[in-house]
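Following are the structures in question.
Next, two complexes with subunit A in common: one pairs it with subunit B, the other with subunit C.
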Partner chain A sequence: MVRFLRHYGTLMGMAAIVLVFWALLPQTFMTARNWLNITQQVSMLTVVAVAMTVVMVVGDFDLSVGSMASLAGIVAAVLFTLGFSVPAAVAVALVVGLVGGVINGVLVSVIGILPFVATLATLTMYSGAAFILSGGKTIFGRDIPQSFGDFAKSGLSLGSLADKPVVLPWLTVLALALTGAVFVVLELSTYGRRLYAIGGNAEAARLAGVRVTWLRLTAYGFTGVGAAVAGLMYASRVASANPTQGEGLMLNAIAAVFLGMTLTRHGQPRVLASVLGVLVLGVMDNGLTQLQVDSYVREVLVGLIILLAVSISALGRKAIGRR
Partner chain B sequence: MTYSITRRGLSRALVLAAGFAALGGGAALAAGEKIAVITPYLSQPGTQFYVEAFQARAKELGWEVNVIDTQGDVAAVISRMEDVVAQGVNGIVINVDPSQIGAGLDAAAAANIPVVGMDAGADPRIKANVTSNGYEMAAVTSVYIANRIGGAGGVVMFTFDAFPPVQVRGVIADAVFKNYPDIKVLDRITPDVSDGGIADSRAKMEALLAANPEPGSIKAVWAAWDQPALGALQAIEAAGRQNEGIVITGIDANPQARDAIAAGGNFEASVAQDFTGIGSTAADTMARVLGGEVLKANVIYVPTQLVTSVNAK
Partner chain C sequence: MPHLTLHGVVKTYGQTRALDGAALELRGGEIHALMGENGAGKSTLIRILAGLEVPDAGQITLNGAPVTLTSPATAEGLGLRFLHQELQIVPALSVAENMHLAHPYPSYGLGLVRWGALRASAKAALQRLGISHINPTSTMGDLGPGDQMLTRIAATLVDTKGPRPWAYVLDEPTAALTGAEAERLFAALHTLRAAGHAILYVSHRMDEVLRLSDRVTVLRDGRHVSTKGRDQVNRDQIIQDMTGRDFATLYPPASAPKDGAPLLQVRGLQAGILRDIAFSVNAGEVLGLAGLSGSGRNHLLRALMGAVPRQGQVLVKGVQLGHSPAEAWSAGLAYVPRERRAEGLMLLHPLADTVALPHMPALSTAGFVRRSWIARLVARLAKSVRLKAQSQAQVAAELSGGNQQKVLFARALAGPPVVLLLDEPTRGVDVGAKFDIYATIRGLTAQGVGVVMVSSDLPELIGLCDRIGILQAGRLTQMLPAAGLTEGALLALCYEKEVA
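Let's look at the complex of A and B:
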């Protein structure tokens, strides 16, 4: 029973959440359109959470993803105002993400600063850089090219339902593609297996000939680029860039990975589990909004669910350990 | 579990109420409507005032209002708009720039759900934006100065043309001062606002005071918002020239400006937006839209009020 709860408790909890919303919102919740909405709403968080999974596999984490997301959006928007084309501006923003990630990697892996301290410092630095570049202002309106804003409003046509077109949003497509890519890297490549080896026991991995320093450094490259991609997706969705707009992504991404970890056998971060964690957060937001639950109550509930999931998982592990 | 049962009971009652309202026709239509107010800025004082006023008026109208605060997250405004569209609300109220939430406005438009703005900005997909008239506020303070100085003398202007809502204020002040042949605009200053606007305005004003040492050479300071007015006041007092009768005006009537005006010094006037009026007017506007009225004007202005030492406190 304990073992069952430990392995499937979170999954059952997730199913229960969906069932409750379905029962309370029979007309509007379990519809294709609503679920397409949800996938689009969580697409940015998915990208950050999936990228965050890579560093958490190694046992590190990255607090700077939110401000990197803001910075990437600002970089692209400022370049737009200078007359850069969309592909050029996006490419530069992605390079900024990669460089920011590598800086984190060097600080943590080469210099040996604790991830919490190193990425807390770069969090404020990247955020400050976004403020400096933008002058503290929101960049919007004519400064943002039409095609950049239109990306987040359009998608892949899936035919029509009840005379209305059903569209798989590009943001969802992008999130799916990046999730697939990180899945291949983490689950199907030797690179990924080495990262898990470091996360399991860094010293043992080192003695086994795994290049721990180098691999930890490269893992941060993923979070940097992932954060930049998410920041660009966010900027496209709101057709504007603001130096603080990515802030909410960091804690939610870490929460999603933790939620996902309660699903996996040894409590390891796994890509698909992180995606399920993201979906729980997204479904909660969507369902509770439709139920007209106060937005502050919603936050308390989300926190409670994370605690509940992690508690069940911890108690389960303890009970198994005792036997 | 009891929670979910009452919830279900409640929504059933609502469905029934909505059904009766539909049967009752026009007059009863507005009662029992579900309205979502979605804002990223609920923690800002102005927003709180108009959201509370909106709720109060909505209660009188018998509406069920759901206030959603996304805490600065504009993308979440779009997401929550999509959610309430799926839920099937009767109307949505926003207070964020429409150009940032195009996808949410599209979702509402596709479902024929009317959107009303509170201090939001104009957009074809918004039935009406309820706000204060920046032209009017600038007219009130610039004419106040022209009258106080008898239509003659040197005036310093603090403007900020990069921000559209403030730019329109400067345009009006330009026109008013130009209309008096004996008013000379000594300088039209754009302060650096990265530190909030007070410190740099003070520095710029100190330089101008040094350049115009003759008492009476500067008759007035017109500021497009309160911070430069406060900076100019500090500069004038620091230079010991507070008894020359230099008249200062601001706009917005923020608490610091009200204190300065109430103290009875050089800072004589500002203009207050009626946030409560914006909230209740937004509710009335939504009621008109839900009642089937087609609004001719898509911007509705709520009157503002001149604040002087008489009513500053």
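Let's look at the complex of A and C:
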């Protein structure tokens, strides 16, 4: 029973959540429009969670993704005010993400600081840098090029339904593409399999010829870029940049990966499982908002769901350990 | 004087009979050595004494009255104390506090500690052991391993309510100690003995045992072989009691080593404590490495793999070897590490992942893993090492020790290897799997693979190897043919320097 719950508990829970919202919101919840909306709402979180999965596969994690997302958005916006073109500003912001990630990687992998401590320190540093660059203000309005903001507002036309056009938002497309890319890297490439090997047993991997130090460092690079992409997506969506706008991403991304880990057989982080974890959080948010549940109550409920899923998973592992 | 006896003790783990009629008698006022080869049952007997294992059969009596040992608490209640190789200490606390970890601190009430009384209590206990050079206010972590051990012993002498200890079990106490530290320990043991305490001393170090002990008990294959007084024992007698069996039929026949250029050449290798190591291995040859723990035998294999820094020349098929594990694997060295769970397996990953990991370059195209190649390779190797697993996707944690070891052998075979480096290849493996592993090793040498094998199982070294090198304190002191060697002679060679 416990093992059954452990393997299928999260999936059944997700189905239950969807059914409950469907029943309570018969008109609006189970519509193509709402689901497309959900995919857009969760697209930034998806990118961060997928990027977070990369470091968590190695057995590390990264607390600085949220502030890196803010910083990347600010960097791009500041460059816009200086007259940079959209591609140039975006490229620089992505480089900032890469550099920030590599700094985390060097601290954790080369110098040997615990991931929690190292990325907690860089979290405040990147956040501080975002405030310094922006002067603590939101950058918006005419400073942001029209085309940058339009990206998030438009999408891939999928035809029409009941005389209304159905559009797959570009943000969703981007999140899907990045998820696919990370899936290919982690699951199919030798690089990804080596990352999993390090997470499975770092010493064994080292003795088997895996360059553990270097690969851990590169994993952080991935995560830094992922965080920067998410920050740019957010900035595009609200057509502005604010030094605190990435704040909620880090905790939610870690929560999503943990939720995903309850889905996999041996509790490993997997890309697609993380995306399911993101969807759980996104659907909860969407449904509860439509039901006009107070946002503080929402937070309590989301925390409870995470605890429930992880508890069942932990109990299941104990039961297996006793066998 | 109190005395404790164990008689006819039997303990089985699954198929393995760890103890099969073990016996021991321990009296107050004696130092009693317990000896036996690896796997003879010493640790199991100690675990039973400590209440960590319950025997399947046998009687235990204290002062003639039967007792049962069902938990560490009961063992402590009977006055037994255990000092393991890994001491339980809190490095950041003071000596005095470490000595009171198991006792209530003297207190004013409300949890306010009387620090003066705590120090005095610690000091008194140290003095009972004849120790004056350790300051109770020192930080435990600043003490050397010898003083830490003395502190741990003294901690059992702290004045407290409850049954007083009378018997101490020390497992390889001098393994990490310098000569001077060991002398202090011996002096403390003599003090304890003079006070009527009993000491059960477990050690591989023959010279210590001969010097210290009043009596020596030898176990072999879980059975009691002999208990003799100090005047009746000598080194040869103990070695004969510890070994004395014919293993010839266990081992597959050797395949004659081939002449020609050696597969592996090592010259002037230095790494850690290793100095001036030089040897070579020919095709079809099994070279064994024997030595006491701490002689550097495991380090040597890690140095060859490039897992630890090394100096000197290592040539595989005449080509200088690089300094990383990746280069070692790709040059054809294949490594089966000593600690299979910690150093070899990814326990929660499909076993095929562990097998494929060092061979990724050969199992991929343009950076992408070829799963079908891996599946085919693992299927072939699993058959050749006689791996018993449900599927390639089964996780290593679910396999028995023997089958886990076979996964690592499969990994080592995948290359295919030029030279196989084996560290304790049959450690913690049941007899059936041992046969399979021996057959695998000899099957490989028949195909011209060279093997370097470290083992503390001496019959295994003699039975399987063509030549055996002896490592002593980081130096390769002897290299001799295995044929005609007896366990006694080999053990004597390992001990040679210490006894001389």
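By definition in this document, the second predicted complex is superposed on the first by the 323 of 323 C-alpha atoms of A that agree within 3 Å, B and C clash if a C-alpha of one lies under 4 Å from a C-alpha of the other, contacts with A are read in each partner's own complex, and residues count from 1 in each chain.
One rule holds for everything that comes next: a contact is a pair of C-beta atoms (placed from the backbone, for glycine too) under 8 Å apart; a residue touches a chain by one contact, two chains touch by 3 or more.
These figures come from a predicted structure and were not determined experimentally.
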Next item on the list: Check subunit A with both subunit B and subunit C modelled on it and let me know: fit or clash.
Entry: fit
Check: Is A:R216 contacted by the first partner subunit B, the second partner subunit C, both or neither?
Finding: neither
Notebook entry, point to check: Looking at the overlay, what does A:T28 touch: subunit B (first), subunit C (second), both, or neither?
Noted result: first
Next item on the list: For A:F140, decide between first (touching subunit B), second (touching subunit C), both and neither.
Entry: first
Next item on the list: Of the two partners subunit B and subunit C, indicate the one touching more residues belonging to subunit A.
Entry: B
Note to self: Going by the contact rule set out at the top, does A:R270 touch subunit B (first), subunit C (second), both, or neither?
What the structure shows: neither
Next item on the list: Aligned on chain A, what is the least Cα gap between subunit B and subunit C? Give it in whole Å.
Entry: 38
Note to self: So subunit A touches subunit B in one structure and subunit C in the other; where do those two contact lists coincide?
What the structure shows: none
Notebook entry, point to check: Which residues of subunit A touch subunit C in the complex?
Noted result: 188-191, 193-194, 196-197, 200-201, 203-211, 266-268
Check: Given the complex with subunit B, which residues does subunit A contribute to the contact?
Finding: 20, 23-25, 27-29, 31, 33-34, 37, 40-41, 44, 135-136, 138, 140-141, 149, 152-153, 164, 234, 237-240, 242, 244-245, 247-248, 285-286, 289-292, 294-296
Checklist line | subunit C - residues contacting subunit A, complex | finding: 302, 305, 307, 324-330, 335, 337, 342-349, 353-354, 356-358, 360-361, 363-364, 367-369, 395, 411
Check: Hey, which residues of subunit B end up touching subunit A in the complex?
Finding: 4, 7-8, 11, 34, 64, 66-76, 78-80, 82-84, 86-88, 97, 99-103, 106, 110, 194
